[in-house]
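In what follows, chain A forms one complex with chain B and a second complex with chain C.
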Partner chain A sequence: MRRRVTMVAVVAAALCLVLLWQPGMVRVSAQLSTPPEERYASPLEVLLSPDGARLYVLCQGADEVRVLDAATGRVLRTISVGHLPRGFSFSPDGARLFVVNSWDDTVTVIDTQSGRVKATWAAGFEPSSVVEDRPGKLLYVADRIGNNVTVLDAATGEEKTTLAAGRGASYLTMSADGSRLYATHVYPNATPHRTPPKSEITIIDPAQARVVGRMMLPDIAGVFHVALSRDGRLGVAAELHPKNLVPMAHVEHGWVFGNTLTVFGADVGRSVEVPLDELDRYYALPFGVAITPDKSRIYVTHGGSDCVTVIDTKKMLAYIRAHPEPFAEDLSASANYVEARVAVGKNPRGLVLSRDGGRLFVANRLDDTISVLSTRENRVTQTIKLVGPDKVSPLRRGEQTFYAAKYAFQGHFGCSNCHIDSTFDGLQWDLEPDGFGKDIVDNRLLEDLRGTEPFKWNGGNPSIAIECGPRTEMYFWRSQTFDDLTLADLVLYIRHLPLRPNRWRAADGALTPAQERGRAIFHRTVDKLGQPIPEGNRCAYCHSGPKGTNQKSFDVGTGKWTDNSGVLDTPQLMNVALTAPYLHDGSAKSLEEIWTVYNPHDRHGRTNDLTKDELNDLIEYLRTR
Partner chain B sequence: MRRMTCIAILVVIAGTVGVAAQSGAHPVRKVHAVAQALGVPTMPRFRFENFTTANGLPDNHVFSVLVDGDRVWAGTENGLAVYEGGNWKTYTTADGLAHRAVLSLALDKRTGDVWAGTMGGLSRVSAGRIDSYTQLNSGLSNDVVYGVSVEGENVWVATAAGACRLNTRTGEWSLYNERNTPMNEIWVYAVSAAADKVYFAVWGSGLLELNQKTGVWDKWDDPDGENEMVLLKDQGLIHEITTSVSYVDGVVWVATYFGDSHYDGRYWHNFLTKDSGLPSNFTNTMRGIDRKRAWFGTDKGLAYFDGTNWAVYRPALDTGKPEMTVRDARGQVTAIPVETAPAHNYVLGIDFQGRDIWVATAKGLSHGIYQP
Partner chain C sequence: MRWLTTGAVVVCALLLVALVYGLPPQPDRPAGGSNQRQAETVPVIFTAAPVYVSLAALHGEERFPEGAQLMVLRGGQTRLLVLGFAATADASVSFDAQTVLFAGKKNAGDPWEIWEVSAEGGAPQLVLRGTTDLIRPLWMPDGRMVLARRERDGFALEAVGLDGSGAVRLSYLPGNFVPDDVLRDGRVLFESGFPLGSGATPEMFLVYADGSGVESVRCDHGAAREHGRQMVSGDIVFAHGERLARFTSALAEEAAVAAPAGEYAGDVAEMPDGRWLVAARKPGAKHFGLGAWKPGAAAVTVIVQDAERDLIEPVVVVPRAVPNRHPSGLHDWTVGNLLALDARLSRSGALAEEPAAVRAEALGGDGKVVALGTTPVEKDGSFFVQAAGDRPLRFILLDAAGHTLREEHGWFWVRRGEQRICVGCHTGPERAPENRVPQVLLRTTTPADMTGGAAGAATAGGR
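What follows is the complex of A and B.
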């Protein structure tokens, strides 16, 4: 009875939200209070203790590591760590567990024997993965915002160096013999405007703490975990293959995303991109990868499709040898090597195999469960429910919708394909409603969106409900699958995505001298020649308020021949340093280019009177926003 | 008298070498022994192997050279070449290099990344990936990058419009020019950075020093002003037109087009052709080894100063034949017979590989293999 009442209340609340988010009601909806925080466990990664007896679960939502009995799922210990932990790993001797806390920029060092936190060390910007070298001397940390791998002294946490990795460096995997460390990244490396994206697997020699190679991944944007076989002869990386240069009009032909693996190593002799999708079904967001000890099977989690793909390695290698590349676009290929698709929980992410390869543990982030698969039977034999809220809140349902690909035609992709981990993807897309080849648009960051309406670069959508509702269904998903409640939950989730800490602004808000000088330029009303700057040509006029937008549209001279109109929405400035490239179509590769290349007539603010160092100051200030 | 001495020594050495060759002994060692016996200072000897387009270099005009272990990088007028395992590989603008003409090189010893200053921006070469920074796409002060130096997480850059610093952790660019330093001119030719101090050779504006701890700038000028007249030789920097700087062991070595200088923090000491072994006052580059020793790249050959004596290595100015001369503390010059010399007299870059030396010249890259 109580559950029924609760459900009715939730439905009523959701309906109210939908009703409130109509055009013209934006201000009202912005005043809605934030729903009470639900501390879901949100398991992101899993590890097995060296003896296989304990399952370590990285609970991102609860800021905890939970230690479970691997056989029964019983909780043995709960260890609090920093905020939003994203990765963890054992020291080679198993005595220490390292956890990276992505919003604290710290590493938590845990004594596995006592379960106590022994130290908390500073790391780079948004640490996302951590691995210790074999001798136990150096600790490698991938920094997503830093775009590098920071090398720390494994005894003291002192920083030794930083190695340049790919943009959005996020996941690290050590080879079984400890001789090579592989780093992937979730945002593509910079390429010329409207050219295919490129990514890389950065190869590090951990003995030298040097990058010794970069395996180039053409056409790829969004690379997640790498797995390596025990003999070191086979490597597999899970990745996204976006098709953003063609109009997003042919979902049915697979022309939006491919979900693929890059397979490399001596068994292959080169790196080969291998498709995971099928002709009429897609397996979105490949994230975690594991290879069985005997190398016979490869397991891939699909965060958007709520399943695990099982690949017969021999058949896959035989297919690779028998077929000339490229065949990443051949959706009939996977039938030759995919053995099974095993349904698991919502948004499956990290996975780990037992030492004998008989059991596979999968962390289902958005329903707080661990699926235990029998690899002999390819089925879930046990589901471990983690402690957390019993009910699924509207916010949580919205997040589930955000990560689910099932709403798109044939399960092609979900919101989080383009908004990786609810952020952005660094790509520009040709959305069909504006016309083929028209209005190429750069993807924008989804954080703290309240008060930044309207949406779309042309300012055409007054609310998220419009942006994510009929428009998305019609033009993105090619299906009409959102019911009102689903949409209300999704909108709720997006509206409550928090703003991550700004890494360029001091904790106390104090500005450096350069940032202070830049702030003065941002707010100036008179140019260096003593001439008044018209109100509409001042930085602080359009980019006003705490979020850096007056929510109006202007023609600042950045329109291109491909645009239907040069009048563009004023984008918000929060965390603007993260989201290169810039301008509505992503044509400016850096903040500098907005003014050095694309503002020849001072229409996008009065800037041509500035010296180079003054422009640098302005940019230093913008990076604090 | 000096000529007679040389001839006499050569006769003796030639005879000794002949005897040594007949007896199977090492001829170079014998030369050393003879030179020592005659009181000629022992200076390093090299067998030079030269690289040009004929054996793999992308261009003979080599502006800069950098050694990283077994790898040698050459900044040429037509790309950045790396010599590894006996083969040359060239990076060009097609690979992302900012410009084909690579004027300067620096190694980040912590990461192994190579920073290349070019005529069109600054490039970082990291395990084959090249990221380029220009005055348009970054905070770089100017695209013409004459010099680069890496210190910790900072990359210091000398450009045609001031100097700048990139903090590789934060991505922040800091610019240094006439507006915030005592830089009269902004044509910065070279930079040498260390944790305590950073020195800039500013063409026409002497030597600038930035104390990193205090943030205080100091400026060193030619006390005689911008002319070639030297009234008091060791009273300060030898000339305003500085071209190269090398800060090592708390001592700064400075090259100019009108002689070279050494400053130990208290006293200046200057070098001119008329009273030192410097083959030319027109010095393109300089590398200090320690407080006493340094190498000089001039328009008339490569020179080495061991704190007392000088050695010059070059193709002879008249005949073009390989030449090595040694000048002792008394000014006595002795010709040492050699069979090889750097590829050209116009020396633009110097680096070291153990006891070997690599020399960038206007007509090829030279590997001086140390001869014990």
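What follows is the complex of A and C.
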């Protein structure tokens, strides 16, 4: 008996060892159950006080603004703000600091003298950037989800008006003379199906609180910081130029993304797209831009490549003048104006120059440091470590992997190129393994993915580990990629991306009358003619459960001639209002088009008996999901 | 006292000459010996050969007609790396610096075969037996190597496991293809004639470790380029005629290397302190010696030279970064799909008129050209064809009357199961694609059949 027990114990121990030994999947599941909750600083943006003595750091992960001695890096003050702050700026007189909190939809107003929060004002949906006008009367807030710029009374926070911007309005910059406000957007504006994306720089007259221009950016999808020279004659915006319409057969030769700048203003005479990449090396996710006071240099942070590009402005302008034809696709162009590439910390984002232009401060979001560069020497002279956890948790490592471009062939792009700030990009891609021109797929939102498996529009991938593992290595990166542990961390990070607050659903869950009517349509079993709707043709059948998917695949008649199969995975509905266009290939520009254009035979649910108003009600309900 | 002063002046003058002119004149030495000038802190392995014909392999001929021996310079002493071989050459140090692959002939009548020896020396082990010559082995990731195997049509590129398993041919044209380096991005840098395989001018090319994606490193063709290696910076340094030149990531054309006057044999090795180990000889000198050159310095410092032999192919015995493995995405097909985004684009300039069609041709085993078919070119210059994999191909653009508008310089290949897209016809690696759906894909997703009957096993199903 004792011998049997011993043998059982030995076998059990051996089994345990085998289980522990399994790489990848076993570790992934073990980690999933206990995600660490380290609170990293995650510095996203930096500002210098008007006298240049203090460095203000927007710590997105800690929901704080930290005030540092700009010379020593010593922390002078820590100020708590709202959740997931994304942008901040001083009032023109420097007396107030405005912080926008993207998940709270608020603006925190801080008295810079005392460091105290003086007010918290309501803003639009996902406020991401904030600027006060020169007279100090109006506060402009870019709302990423709202796709607009909300104008608040700078004294009271009262909403004065809302200006329609482009999609994903996220970054605002005021010209030095205060006469123009420029807004950039992280998502592209809607364009016809399978045509190049287009973004815009919305130009606002702050004196009139009016949009006075829209600078169209053809071929551009995501635009980040925009900077203006002190004399107002040169503007520069950092942006992504995707190649989503070309089959992604390989990666070399700038096949998947171009990392570029749009340069505009009187010095240029037009808006020109200027490439930053090289033939064999890429500078992924250009984010922050700064122009020196004398306009001689432009600095660009690359969130995916962990470096700063230094551009000789004079050479760049000379090159632009000498090349009247577009040269955005010329990977050898950057050699004519790029002066240096300076390595900094992980995921560099916001940057600020000292008043004399001699020092450049760069916020490295994913290693909690600030790099201080000497602009005369083009090298990092100081690295300020922000207070935070010393240990890098698996979740944090996963996030670092998500934003790193180094895993793709020649460092071309990373997960976050298509999943901007861990969301989506509003684009449709032509992936290679399905065939050229076949199975065009809309990019889906990465939030709260647990319980939405399988993945891919054809439901072909049962888990994120498979989606992000060999398949990604073979068909996306086209290069040796993650080891098991790195993959486990990445999967952990993706699986724990939280669902952002739904802006259309009341806090108490109560529905408006229109939403209630839409809910009834969603759940109805009988059509308006009194005919029973077969179970499989009811909205609530496929889009069932808390996440709006029964995790099964169906042919609902939305397949196109370019698809290998019409059988498609049922997508989840959480925050569906954000993710236009719709359907697997992004052919429906709006929720309404799903039914009015792409459901002629009621195969995608019984909807042809509904009136326009009833479809609107259905949309109102879906927005609450 | 006077003779002391005179001596000092002479020494200074000699030093000055050495600094200004680089390698000093070759001293007379007994045959077979080597004259070491400066002790190096890291071991260096090199090939010593009475006669070195650097481009011979590109003509299918013997590079070392009078034999060669691998030598190791360690701790100030030079000695044979392996004993008892009729000939040894082509050392490649493993990424951990523990093991050296080399080509060797145990007996004079043997073909070149691939051997392995500890970097410390000792008894070599046969790695890959050859019935024909196997030369220029280079370490690849995952315990594999790439080499050149002599075949009926010349030296072919092959990737193979060290145990001989999993051999994959990487070149599919007649001609000679000789590996130079494995780049950190995982691609194999090789040299061949330009146009690929058939031309007389040595040029440098790239191919993935599964034979797909073959292309020129740069398209500023014309110069004779050979024996390239990638440096830590990522630059590829090679011999351009007698000089050194480099490809950098930023430039579409080669850039000159401002090395001191002399003739350089390529195969530059980089030492841990950043100096380059070069095989060089003064103008008019008979043999290459090995020297160290700090980029930017005015002179090459002699490390070792031999009055009777060329000292070439230096490698440094230090650990180095393992290149990325290439995850092959080849489909299980007998054919390959080729999409041109805009055939009108070319470094050769604008076409005389719009192309109406494209004709594909293959090169038969008998050397005869085989027409594979003609398909329309769309208004935007795009076309989409399916062609037999692993055989020589080329495209010819035709006008509406069927006359040739432009034809490719030479042949290339597409691997079985490869799907490949070109921006244009010979646009160069500096040209990224425009973001638009090629018109041909708006009309059809089925490629025009130009397989010459090999399309039976083709499929384009998802994976």
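Heads up, the rule we're going with is that the second predicted complex is superposed on the first by the 592 of 625 C-alpha atoms of A that agree within 3 Å, B and C clash if a C-alpha of one lies under 4 Å from a C-alpha of the other, contacts with A are read in each partner's own complex, and residues count from 1 in each chain.
As a convention for this text, a contact is a pair of C-beta atoms (placed from the backbone, for glycine too) under 8 Å apart; a residue touches a chain by one contact, two chains touch by 3 or more.
Keep in mind that what you see is a predicted model, and the values were worked out from it rather than measured.
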Clash or fit (per the criteria above) of chain B with chain C on chain A: fit
Which superposed partner A:G586 touches (first chain B, second chain C, both, neither): neither
After the two structures are overlaid on chain A, angle v-u-w for chain B, chain A, chain C in degrees (C-alpha centres, nearest 10): 130
Touched partner set for A:E200, first chain B, second chain C, both or neither: first
Partner chain in contact with A:G350 - chain B first, chain C second, else both or neither: neither
First, second, both or neither for A:D613, with chain B first and chain C second: first
Which superposed partner A:E473 touches (first chain B, second chain C, both, neither): second
Touching partner for A:R214 - first (chain B), second (chain C), both, neither: first
Touching partner for A:V597 - first (chain B), second (chain C), both, neither: first
Per-residue contact with chain A, leading partner among chain C and chain B: C
Minimal inter-chain CA distance - chain C and chain B, angstrom: 20
Residues of chain A that lie at the interface with chain B and also at the interface with chain C: none
Residue ranges of chain A in contact with chain C within the complex: 194-197, 219, 241-247, 249-250, 252-255, 258, 275, 277-281, 329-332, 334-335, 338, 409-410, 430, 432-439, 458, 460, 470, 473-475, 477-481, 562, 564
Touching residues on chain C, where the partner in the complex is chain A: 141, 185-186, 213, 234, 248-252, 324-329, 331, 337, 339, 341, 384, 419-421, 423, 429-438, 441-442, 444-445, 447, 460-463
Parts of chain B lying in touch with chain A, wherever the complex brings them together: 110-113, 124, 126-129, 131, 135-139, 141-142, 153, 161, 168-175, 177, 179-180
Residues on chain A engaged by chain B in the complex (per definition of touch): 124, 146, 160-164, 189-190, 200, 202-203, 208-214, 503-504, 514, 577, 589-590, 592-593, 596-597, 611-613, 615-616, 619-620, 623
